[in-house]
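Per-chain numbering from 1; labels A, B, C, D and E assigned in written order.
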Amino acid sequence: MAKPRKRRLLSKLKPRKQSKFERKMGKAPGTITYMGKREDSESVVNIMEYNQDELNTSNPSDINSIVAHRDPPLTSWVDIIGLADENFIELVGKRFGLNSLVMEDIVDTTQRPKIDEYDDYLFGVFKMLYIDEETSEIVYEHVALVLLENCVLVFQELEDDVFSGVRNRVKNQSGRIRTRGADYLFFALLDAIVDNYFVVLEYLNHRIETLDELVYQNPTQEIVQDIQDLKKQVLKVRRWISPVRELVGRLIDSENPLITKDTKVFLRDILDHSLEINESLQIYREMSMSLMEMYMSNMSNKMNEVMKVLTIMASIFIPLTFIAGIYGMNFDHMPELHWEHGYLMVWIIMIVLFIGMMVYFKRKNWL
Amino acid sequence: MAKPRKRRLLSKLKPRKQSKFERKMGKAPGTITYMGKREDSESVVNIMEYNQDELNTSNPSDINSIVAHRDPPLTSWVDIIGLADENFIELVGKRFGLNSLVMEDIVDTTQRPKIDEYDDYLFGVFKMLYIDEETSEIVYEHVALVLLENCVLVFQELEDDVFSGVRNRVKNQSGRIRTRGADYLFFALLDAIVDNYFVVLEYLNHRIETLDELVYQNPTQEIVQDIQDLKKQVLKVRRWISPVRELVGRLIDSENPLITKDTKVFLRDILDHSLEINESLQIYREMSMSLMEMYMSNMSNKMNEVMKVLTIMASIFIPLTFIAGIYGMNFDHMPELHWEHGYLMVWIIMIVLFIGMMVYFKRKNWL
Amino acid sequence: MAKPRKRRLLSKLKPRKQSKFERKMGKAPGTITYMGKREDSESVVNIMEYNQDELNTSNPSDINSIVAHRDPPLTSWVDIIGLADENFIELVGKRFGLNSLVMEDIVDTTQRPKIDEYDDYLFGVFKMLYIDEETSEIVYEHVALVLLENCVLVFQELEDDVFSGVRNRVKNQSGRIRTRGADYLFFALLDAIVDNYFVVLEYLNHRIETLDELVYQNPTQEIVQDIQDLKKQVLKVRRWISPVRELVGRLIDSENPLITKDTKVFLRDILDHSLEINESLQIYREMSMSLMEMYMSNMSNKMNEVMKVLTIMASIFIPLTFIAGIYGMNFDHMPELHWEHGYLMVWIIMIVLFIGMMVYFKRKNWL
Amino acid sequence: MAKPRKRRLLSKLKPRKQSKFERKMGKAPGTITYMGKREDSESVVNIMEYNQDELNTSNPSDINSIVAHRDPPLTSWVDIIGLADENFIELVGKRFGLNSLVMEDIVDTTQRPKIDEYDDYLFGVFKMLYIDEETSEIVYEHVALVLLENCVLVFQELEDDVFSGVRNRVKNQSGRIRTRGADYLFFALLDAIVDNYFVVLEYLNHRIETLDELVYQNPTQEIVQDIQDLKKQVLKVRRWISPVRELVGRLIDSENPLITKDTKVFLRDILDHSLEINESLQIYREMSMSLMEMYMSNMSNKMNEVMKVLTIMASIFIPLTFIAGIYGMNFDHMPELHWEHGYLMVWIIMIVLFIGMMVYFKRKNWL
Amino acid sequence: MAKPRKRRLLSKLKPRKQSKFERKMGKAPGTITYMGKREDSESVVNIMEYNQDELNTSNPSDINSIVAHRDPPLTSWVDIIGLADENFIELVGKRFGLNSLVMEDIVDTTQRPKIDEYDDYLFGVFKMLYIDEETSEIVYEHVALVLLENCVLVFQELEDDVFSGVRNRVKNQSGRIRTRGADYLFFALLDAIVDNYFVVLEYLNHRIETLDELVYQNPTQEIVQDIQDLKKQVLKVRRWISPVRELVGRLIDSENPLITKDTKVFLRDILDHSLEINESLQIYREMSMSLMEMYMSNMSNKMNEVMKVLTIMASIFIPLTFIAGIYGMNFDHMPELHWEHGYLMVWIIMIVLFIGMMVYFKRKNWL
């Protein structure tokens, strides 16, 4: 009996569109397939080369002048914006000696955050989170970082703003960034990504507080949808953010020569922040559960109130109507009907009954 | 008192059919008993032998030409389709030197995913998951992989399609598969199995999204059944998929000489994907719980609405009916009845009452 | 205020019977106290001695001929059935050199599963689970295994059937059991116990499926009791079964010379099965929670339906009755009463109202 | 809006009494402050000195004859009853060479169970649990054990009964206690404490079973209070009991020379029991949750029944009353009123309607 | 459909104020930015220098006389109150050789509790919790401790009272504090912070007990808000307190030469207390969940009672009113109307019906 029913509901399913995953199936691992939505974007390259005294910036478009920055005397930050051009990414990857699995992950925008250590480079994938001003949704941007000796490669989908603070510090020689090597640059970029998470957390916090007020003032079914939507957003954000903690922890414990001991002290600062972020997400999760509980208790409260009104009205007037019904009967012999004060007496009885019921409900605290 | 009742319900239990497990009880461990449903299928053997320059395929039916591929100069992929012929499986197993427990597990389609290391081979059991197009159920196929030196044995129940991508890559010399040994083939097969899991995850995701819409539009008891069915499917899928993560992790950490260091980099790619899969399953689990919560809140919302209609109708008309009842009484002396505008006045009173109630309910936001 | 109330309820508590635990309190550890229910049973001893070529069975009743099997050239299986005779157990234990704590645990039928390693023997306690055909309850039997060099002692409460498969294999020389030592016998007995757990799991699974159907067809309060009873059974079974996993895992990792490397491969097979059992129990647990959720949603669905019927009936007829009441009033001057088609018009008004309400409820999807 | 409301509720809070914790604040760690309730009790000292052949008991009141038992040729058990006399405790502690933190914890009756290893002694804090016969509450008594070489110090609040079994065994030379050293005495006392926990578990189990029956027979609001009270008791008991498991496990693994290898075998027996206790507490927790679920489902069941009665009564009689109302109208021209069998026909219509409704409700299974 | 709805609700969101986190974004790590609310406070410095024989106190305002206490022959406690003056903090930090990340965290009042080990100092951040007497909210104060050789730096926002006990002990030479070094001072300050947590726990406990009573006496929607508010406070407190446990545990296990073995015994005492605190917080969490369950069961209980009253009133009077209605009909031929005792008989029938219903409801236990 259950089976035919299920088919019926499933027939209502909208047809699934062919997914990117299916396109990728059967292909060799390491096949470079861009998984994002900005398929027509072109790749742009920004390069900054610096040490304590010097700073050169350039926007080379041919591959040879890009790769020239691989082993320079200066520290260089090669920023590649736009991941849809798979051939270009492959070219860059090959010339920088990256594993084909790394290249695959650079353009795989669904890849979860991770840090992989290879023989002479470190490869990290992270998510930058933004609040879309129009839809108020949380959107993410995939970013891949490669730390080579003296060089950091950054692959991202859009012109950045999360990294602009770091870029300014390099330009203005503020902080210690110009005095340190590529590993500090790698840290500074990761730090910028993690600092940005706090903005998203504040947005979530703000939504929870707003819902917390609304759920008391005017609990509608819309609120339930919003609460559930919030829960989903917390789940999604947790997925993109929470691995960072373990990754950074592992990086601190690793003995990779690319990360100097000085920089590890700074990575510990990121670790602090990711612990804090994970705790906040845990608390938001519990708070969104609380919101649902409050909604349900509020609903059951309202139901109670509705039922009380019904019960009071019915309990008072149904007996009175019965009495009126009695004296509306047409029997030949109903002596009360002929009493002089019969009508008055009925009124008195009714009023006494009415007051009695009111007192009863008052005592029960229903009024 | 509780006891007699329980027996009654249990008497409604359909008789259990004798299970395969009972058939197997008391038998020696290592007894080869096919536990699947395709009991009449015959075993077919496909063999591919290759190195960078050469590729031979064959379908031998006698056991000696199969075993001839055990230690060839080339890498060989021996694919055995159909597991019901226990004698044939035993013959193959013995000639390839497999432990009798391994042979038992090859045909034990209920065996959970695992990887066991033996002295000179690696044995893995996995599940391939498919969506049955007709019933929209998730079905699984048991597959056993044995990695020997230079040779991979594959045991499966049905003609494969999950592995067809790998087979094509071998045939077309695409990717690096022809240039590498048996361990890379083992990885490539496992990778094909895991890649396929994403298709199942997308199906689950699609079902959740569809239910998420239905639960608002038209929450019926059917929806509850569907939500619970979804929860069960997530549980089932989690059971077949989630062990892969730990297994692959252990394989990467093991020092088995059959797995080269180069291949471990690729296994790390599978590890990435199984982490992602486990996270997705966790999220689906929480979302199916959310669906149930939304259903319940929606139900209680609807109940509230029903009760409000009842309360409004009853609260308005019961008092009015009472008033009509009063003047339907037959007392001899009811002065109001003889007033010229008595009837009009009653109407006025009723209309005032009616409007008063409407205002009251409006204020309470019930209208 | 809460305190006097509580005492009232507690006074309804049936007096607790003096427990076995209280009897045991204050006694020295190692005091042999049978904790089971079959207090009048006598101990029977079955002995099988075998190697690849030879097999002797005997039922000695005096202690010396039992102990003679302690260090024989053959492998011997000493099976002691009936644990109530504390003196006999102590005699056997002392002659086989068992610690007094071991003897205590042999007859302590409440002891949870465990494996303890002593200097020259291994001591294990397990539970065999059965379905009582009459009450359909899950009952357990306490069994203790001692692995000495060349000898396995089995202590159990009842004539066994779980071990009959192993006994037959010894008798019929089937499998490899006659070619191996006491450690393989120990494994084979443990394997028989664990294999039997699958039968209990199938019973639980069958109950869940039956309840799953009933909960849709006819959700009564009896179903709730059954669901809760099921949850309790899953909890109980989990308690007796789930420690096996860790125990066997520890045994595989231990370096005890009593367990040969060959037998460890077989123990890994038991480990597989206990992992599977634990997963199943976890799934049953979640499913019994799902059952409860379904019951509750079904109940609230039914309530909704009841309320709709009430609301529809009341909302339709209360206003109509009010109209009838109006024209049942006895005012002198009610012009409508004297109109020629007054009665007809009232009917028309009522029918229009009736149809209007029906349309309204239809639109609300309540009909 | 929420803020002023909250203050109102908080104003209903009973004033908190100044707590012991506040008294202790700012004092140096190691300050001896008795935290229990029996502030006027005096300390009594019982001493037993024994070896296999000899047994001396004494009740010295001066500190020197107490300390004389510190390093005797015999094993001595110094039992100090009554902890309120802080000066006396300090005197004893100093003379036995105890750290001031140890002395603080001896009289800190809120201290959670723990075992601390010091250079030449072991210090343990445990809770003895009792059922208060009058209030049926679970009460606990704080006990501190110190294991020195050849000597065990016991600090407790009341004349003991948990330890009376051990004392009898020493007196009667039963078991092995007289043949072993101070570490075995330490174990025997801990064993007595843990054995006593089973009595408390049985009490909890008995309460759960009783509530399980009551919740079906007569689910009142009192039951909810009892279930919640039970949950709290399980939480409280878990807090006092569950650390024992880890503590004893750590003691077994430690290499402290005060604990001989022989005694560790006995500690493993305690470990067994604490595992069992923790499992039971976990099960009780889940059962008390089940009780609550059953209560809620029972309530919603009852509500359903109430609603059905209302709906049936209203649905049957409201339409009938409407019909009666129709023919109670006073129109001049109502032909039915003048038909000879009009009254009979109305009765027939009503009876048909009545039967129709009954059949309808029967079919819906509401009757 | 869901999307436009969501935007509507979001439009109700109050605009978020620009946060401190956004101000800090893009800045270099180690930038000293005060994150607290007391932005206009000035820094005050109290210094105590002591050994067993000597005690000097001073309030220097110039930086050189502060730093003079860095390496004195005595132990010095430098207490800096007021963190808003970022320049001053930087000056102090630099002169004491602190890392810029440490200085950042000293003034970052949102920093979670932590202990970081640097080459020649230990840096700890903790939270002091207070009950704000006016709002009855739990407020926290950020405090940073730095342990150098012979010197402890304390950074806090307000004039302290948590540390006044320690200060008194130093002044009065009570306890052992004057006889020990800086590490003992560090411990004593941490101990004072942790001791204070018990006061907060008692406040939470008191609130739970009060709500526990209120939830039975008068469960209003306000109670729900209070319960949820309590849950949030427990979450918040857990966040600030619970890391302490792990931090102190790690400190005990570390081999930092700044912490002597003697002081580790005292740190173990703090560890004890943090274990206890974490357990209490866990129990409070479960109790606040219990409170919510009790509220919900109480609500559903009340609803049941309301429904019973309605059902009883309606079920009794609706049939009676129907009977009255029957004899209010105006048929020409209604023989009962003309019977001499017709009216009496109707009364008798009604009274019998009434009594019957009462008995029925009594039997159902509804009265």
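Odds and ends about this structure:
Here, a contact is a pair of C-beta atoms (placed from the backbone, for glycine too) under 8 Å apart; a residue touches a chain by one contact, two chains touch by 3 or more.
Model, not experiment: these values are computed from the prediction.
Minimum number of contact steps separating chain B from chain C: 1.
Looking at which positions face the partner, chain D and chain E present mostly different ones, since fewer than half of the interface numbers are shared.
Look at where the CA atoms of chain A average out and do the same for chain E: the two points lie 25 Å apart. Centroid to centroid, with C-alpha atoms defining each point, chain B and chain E lie 41 Å apart.
For chain A, the set of residues that touch two or more other chains comprises 2, 216, 225, 296, 300, 303, 307, 310, 314, 318, 321, 325, 328-330, 334. Touching chain C in their complex are the following residues of chain D: 135-136, 164-166, 168-169, 174-177, 188, 191-192, 195-196, 198-199, 202-203, 206-207, 210, 214, 216, 222-223, 225-226, 229, 265-266, 268-269, 272, 275-276, 279, 283, 286-287, 290, 293-294, 296-298, 300-301, 303-304, 307-308, 310-311, 314-315, 318-319, 321-322, 325-326, 328-334, 366.
On the chain D side of its complex with chain E, the touching residues are 2-3, 5-10, 12-14, 16, 19, 21-22, 24-31, 99, 101, 104-105, 110-112, 114, 116, 118, 221, 224-225, 228, 231-232, 235-236, 239, 292, 295-296, 299-300, 302-303, 306-307, 309-310, 313-314, 317-318, 320-321, 324-325, 327-330, 334, 336-338, 340-343, 346.
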